[in-house]
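Look at the two complexes coming up: subunit A is in both, with subunit B in one and subunit C in the other.
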Partner chain A sequence: MNTAQAKKANPRKGLSPRQWIKIDASGMYYKDLNRQIRGLAEQGARKFDLQNVYGQRYIGTNLWATERDKIRIRVHGTPGSDMGAFMDGPEIEVYGNAQDATGNTMNCGKIVIHGSAGDVLGYGMRGGEIYIRGNVGYRVGIHMKEYDDKIPTIVVGGTVQDFFGEYMAGGRIIVLNKFFEGNPPVRQSYFIGTGMHGGNIYFRGDVNIEQIGAEVNVIEPTDAEWKIIERYVHNYCKAFDLGERKVKLLKREKFWRLYPKSTRPYGMLYAY
Partner chain B sequence: MLTAQLPEFNVDRDEDRCIQCRVCERQCSFDVYGYDVQNNVMIHKEENCVACQRCAVLCPTNALVIKENAYTYKQNANWTREAISDLKKQSETGGVLLTGMGCDKPHKIYWDHILINASQVTNPSIDPLREPMELRTHLGRKPDSLEVKDGKLSFPDYPKVELSTPIMFGAMSYGAISYNSFKSLAQAAHEYGTLFNTGEGGWPKELRKYGSNTIVQCASGRFGIDLEYFNDAAMVEIKIGQGAKPGIGGHLPGEKVSEHISLTRMIPEGSDAISPAPHHDIYSIEDLQMLIHALKEATDYQKPISVKISAVHNSPAIASGMVRAGADIIVVDGLRGGTGAAPKILRDNVGIPIELALAAIDTRLRDEGIRNWASLVVSGGIRNAGDIFKAIALGADAVYVGTPALIALGCTVCQKCYTGKCAWGITTQDPYLTKRVNTEIGTQALVNLLRAWSLELKELLGCGGINSIESVRGNRLQLRGIGLESWEMETLGIRGAGQ
Partner chain C sequence: MKDLSKVNNPYGDDKVISQCSIFGMMNTTGEVFSGKEIITAIRNMHERGNGLGGGFAIYGCYPDYPDDYCLQVMFDTRANREETEIYLKRFFHIQHSEEIPTCPTEVIKNPPDVYRYFVQPKVEELHEIISDDDIVIRRVMKINTTLDGAYVFSSGKNMGVFKGVGFPEEIADYFCLEQYDGYIWTAHGRFPTNTQGWWGGAHPFSLLDWTVVHNGEISSYGANRRFLEMYGYICTMHTDTEVVAYAIDLLARKHGLPVDTVMDIFSPPVWEQIDRMDPDDRKYFEVLRSTYGPLLLNGPFAVIIAHHGEMVAHTDRIRLRPMVAGIKGDMVYASSEESAIRLVSKDLEKVWIPVGGHPVIARLKELAKDDVVEGGRELLKAEGMEV
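Then we have the complex of A and B:
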């Protein structure tokens, strides 16, 4: 029996799963912070309110020995990189910005960011949902993949940067370009979906052909896809209390679907 | 397709011996044989032959000899037959040439230029048959110093793995190799008390019972990864590079992604499994540090984390960075390291021999005083116990073997793994072919190999009057060079024979 199984068999109980437990993270090393959360979760706590978070990495990563799908974490401040890396179930809400590699190779769960997020968000993501109110950096959604009913989803309220959805193998990313009308993005992104061989990107606003990778097609979303977009835009508005913006955001003619021309982009590269 | 190629091999059938049983036709997965019913003779398409020798071995009357084609172009040291055929293939297709297995070019094999010492008179040799010999090996960070507190030895306990012999099976993914081959590796590692490596293609659930003998990989494609995957294993390896194709990613073609592989990798059936060239969350040593520690967090600091790179020109500096970034084990795969599929141009031209990289890295880490922070595992070109002994004396803690394990399972190094048609049932997913590896026989063959090499390692130890492999680690005085230039001996850190 490995540690994970051992811990599952003998959960230490005691703390209430309903009570929000406040942890002041100021000056705390990430290892200690994450250990503390895990220790409390092993005793039955499920809700954590982290105050004064300042760059601590890997929040949400090591909760595998607990009932992780019920854990909720609120982060006040700025979490460090790799927040929710390999995460498998918890829900994290960040009242601020997030750094790089948020949701790295995440398996399931939910991340809601009330600000913007850095580079490499959702790299290799395999399940769960990430909502970002604002913008994201470079290399977001690289090599996301899906299997069976596990379809990872990212909703970006603002803009994305270069290499967005590169090598994408599955899942969906919705980019709302919320500030598109009247307030154009600071810079246009390029190399969108380079090497894409699965999944879908739904882009609100125009994309020029020179912005996207050679492996990508652009068409209008189908009716079924529009239903999905509606659902996630609804979730997005709800998460950030933007109910009044929903009607404005949901103009079907503004959305484009970016999808791979082939699931075998590199099949013709080799001699016999 | 009409091709301007000469067949590479000839099928020489002794018609007097042949009984037209059609075994060769059924065994050949490359479509060489056919049967002419009217005339009751076997017919050949020699241009398809890859010299895997499956037919010759299985022919009940020994009627077949597969030979190199005697017809050749005019002898030319520059324009060899290989050079001409490769060029023709490319002019016919416009594509990149693929190949399998490790580099087959005659780059210097340093193992063959290194000789081992033995005791005579001044220190007695030891007979391993009568006296205990220790091959047990621990991988992971070792403490900087030991302290005695209240009469007890005290030192930090870093996560480690224990091997009964310093030989592990290197990364070969389920997908690149067949399920039966993969399972044989797992079972043999379990039986002999060593580790096998899943490669980057996930880890079938039913094999997790061998977890304490399993290394799982986290590669750029992140296939089949979740928290259980890490925590069920003994060790987690971040794969940055591979000796056969440094600096590029992997590509398992869609036709190899069967139902069970799709389940194991957690990707849809029939879709290409593409591993990007770099990890897109690692563009620097600092980024590597971030992933190493993410994995430590994900495994609650219970498992050693290793990082695998291919041997390249500045490996020592990179290795130093890897160790400082927190790797507990660093793995270096040399120029001759094998592969299921790689562009030939990379396999044969990129990287450096493992012997030189190993010695240079060990020296560098010693000079910096951080050698104990990480174990050093090498691979790529190990062929026998002598190579292993020399690798350990040059500074390695253990070795990974890939090709030797496949040869034990039946492989004849025909280099056609990339076609997915391996006639020996190893690097294929065709159910008709995969049956050819029997897991019981395969496991036994691999255990035999580990046992034989371990016995030989003990013989080599004994002849040098040493009773523990630990005393050979980095003990370069056990080695002498022959036929080497002075810069080579300097890099290897050894003296010449007779010196």
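Then we have the complex of A and C:
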């Protein structure tokens, strides 16, 4: 439905916030697509169903949303890099894989990816939630940060690759390492949490000392932390229709908490 | 050295942030197909380039001259061409030559003349035994370094490189590439960072039938270049990617190493990882790193390397540039972005992101038992990331 049609459908009130608006993105330049979404949202539309997405970037950027006034975007196809970059509130659900730099410096909102995602997901993320059903690439969650009650959270159902949580300064990442797929073999990733100085990683499965950065400690999660893990795994199951009973099968003793030894690991680097 | 002041950069800017797009597709049965799909795919990644370079390599496109070296040469002026042709006639039997057909468009500004020559090297009275391939390389190096206004784009048999300043889809239109057929196609959209955007500096880079398209930056260029110069490879194109083409010719063709070993030389594991390996693997990497240390490629890169029979998609060992691979039937795809593959092949059987430093290798079925190596080294028990 284009803007003119939309106006005709509801000429006086603007667009209905309840109605899903379908946009066929075939061959559309990313700027035109994002401009169209923004324009429709300004007229009152809140639900967007994007079809035939092939690599259009920055979906979800330059929109707004509040707790009461949500903008929701469904993406069918393969969204381009930087999906949800600087995003401040909307919810995006991707029925496919996401490319690189998803949720770059995202501030608020939610991203649900039914497939896998590429490298640098959640880079510098400051708030909001990202759920990935499958695997993620290299350098995920690097330099995430938190302030007060704004604690960004990423839940990865599959595996992570090298430099996971590098220079992490806040927030939390939960890695399930294919729990719901029945634990097929997992490639070992290295340099986990190198330079980490804030935040927490909750990692299901064994972590060898050579896999983690020198700045990271490994410990069992506390009771309070286990509650948080359970809550987010519960959300994960809900997002992907995985049946909540399975959450109960998660074993607390399988999880490790990775956290920084120091909030300023390089404070003395140039002191001597 | 030659004057490179004739730089065709319509924007006049000299440094911008980097992306580049690369795409490759191969039919592992050797069946040829047109350029339509790869042009669609590389156009979809338009945003990764900035119009300062685009190019394509096609394998199997000259079935009428399968045994002749095809020299595709760019000339600045007619006088440059005439001078070069005198040189070519002296050292080669020219079976056929022609100007490469173009469809001039407004967007391609100030194009040079590009000609192709199907040639056989003349038997030289040399005091050494030298293969035809090496004679061709020697002549290509000579043309590139000493003849004014002449640059050899490619010099392989039954293959060609088409490149220039413009977006890749514009270069494809300019050279009418939809009319060509090949069983391997690679493509590049350029976003030059450290060197100027000029016709010779566009990708693919090529020597004999080796071609390389590259996204990223080879920080070890200086070390690589010095090493290659000892073996007679002279870098003339003012772009880091050039060393990859020469390095693979040295390692794979002259030293006879298999392609996966060459990739282990380009992106070996870090010493810390090598120290943890079992003795055989440790020995293997220790030998490679001590023998060919100067050919380690450092810095962020993703490359698609091709020659007859093989297409290799490879990244640096910590994958600082993206690469996605896909399979559908006999077709193998490699791309900077998954969306570009999906756009041209809707029902892929498999899509995956290869592990950094582990090549994806597609091979002609008639030449290999495993026609696709999926980017994991057995000895590291690596698993590509399925998406």
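Before moving on, here are some points about what is shown:
As a working rule, the second predicted complex is superposed on the first by the 239 of 272 C-alpha atoms of A that agree within 3 Å, B and C clash if a C-alpha of one lies under 4 Å from a C-alpha of the other, contacts with A are read in each partner's own complex, and residues count from 1 in each chain.
In the analysis below, contacts are C-beta pairs under 8 Å (C-beta built on N, C-alpha and C of every residue); 3 or more make two chains touch, one makes a residue touch a chain.
What you see is a predicted model, and the numbers here were worked out from it, not measured in a lab.
In the superposition on chain A, contact of A:243 is made with neither subunit B nor subunit C.
Touch criterion met: A:105 reaches subunit B, while subunit C stays clear of it. Legend: residue contacts after superposition of the two complexes on their common chain; A:115 is shown touching subunit C, with no touch to subunit B.
Residue contacts after overlaying the shared chain place A:170 against subunit B, while subunit C stays out of touching range. By the touch criterion stated above, A:14 is placed in contact with neither subunit B nor subunit C. By the document's definition of touching, of the two partners only subunit C reaches A:97; subunit B does not. Of the two partner chains placed by the overlay, only subunit C lies in contact with A:187; subunit B stays clear of it.
Set against each other, subunit B and subunit C touch different numbers of residues in subunit A, with B touching more. In the superposed model, A:265 makes contact with subunit B only, not with subunit C. Applying the stated contact rule after C-alpha superposition, one finds that A:78 touches subunit C and leaves subunit B untouched. When the two complexes are laid over each other on chain A, subunit A has residues 57, 81, 100, 163 in contact with both subunit B and subunit C. Only residues 44-45, 47, 272-273, 276, 318-319, 322, 324, 337-340, 342-343, 351, 353, 355-356, 381-383, 385-387 of subunit C touch subunit A when the two sit together in their complex. Chain contact summary for the complex, subunit A toward subunit B: residues 2-4, 31, 34, 38, 57-58, 61-62, 64-65, 81-82, 85-86, 88, 100-101, 104-105, 107, 120, 123-124, 126, 139, 142-143, 145-147, 150, 163, 166-167, 169-170, 195, 197-198, 263-272. Interface residues of subunit B, counted against subunit A in their complex, comprise 1, 89-90, 92-98, 211, 218, 220-223, 225-228, 230-232, 251, 253-254, 262, 266-268, 270-272, 274, 276, 280-281, 290-291, 293-294, 297-298, 300, 302. Within the complex formed with subunit C, the residues of subunit A that make contact are 30, 53-55, 57, 77-81, 97, 99-100, 115-116, 118-119, 134-135, 137-138, 159, 161-163, 185-187, 190, 210.
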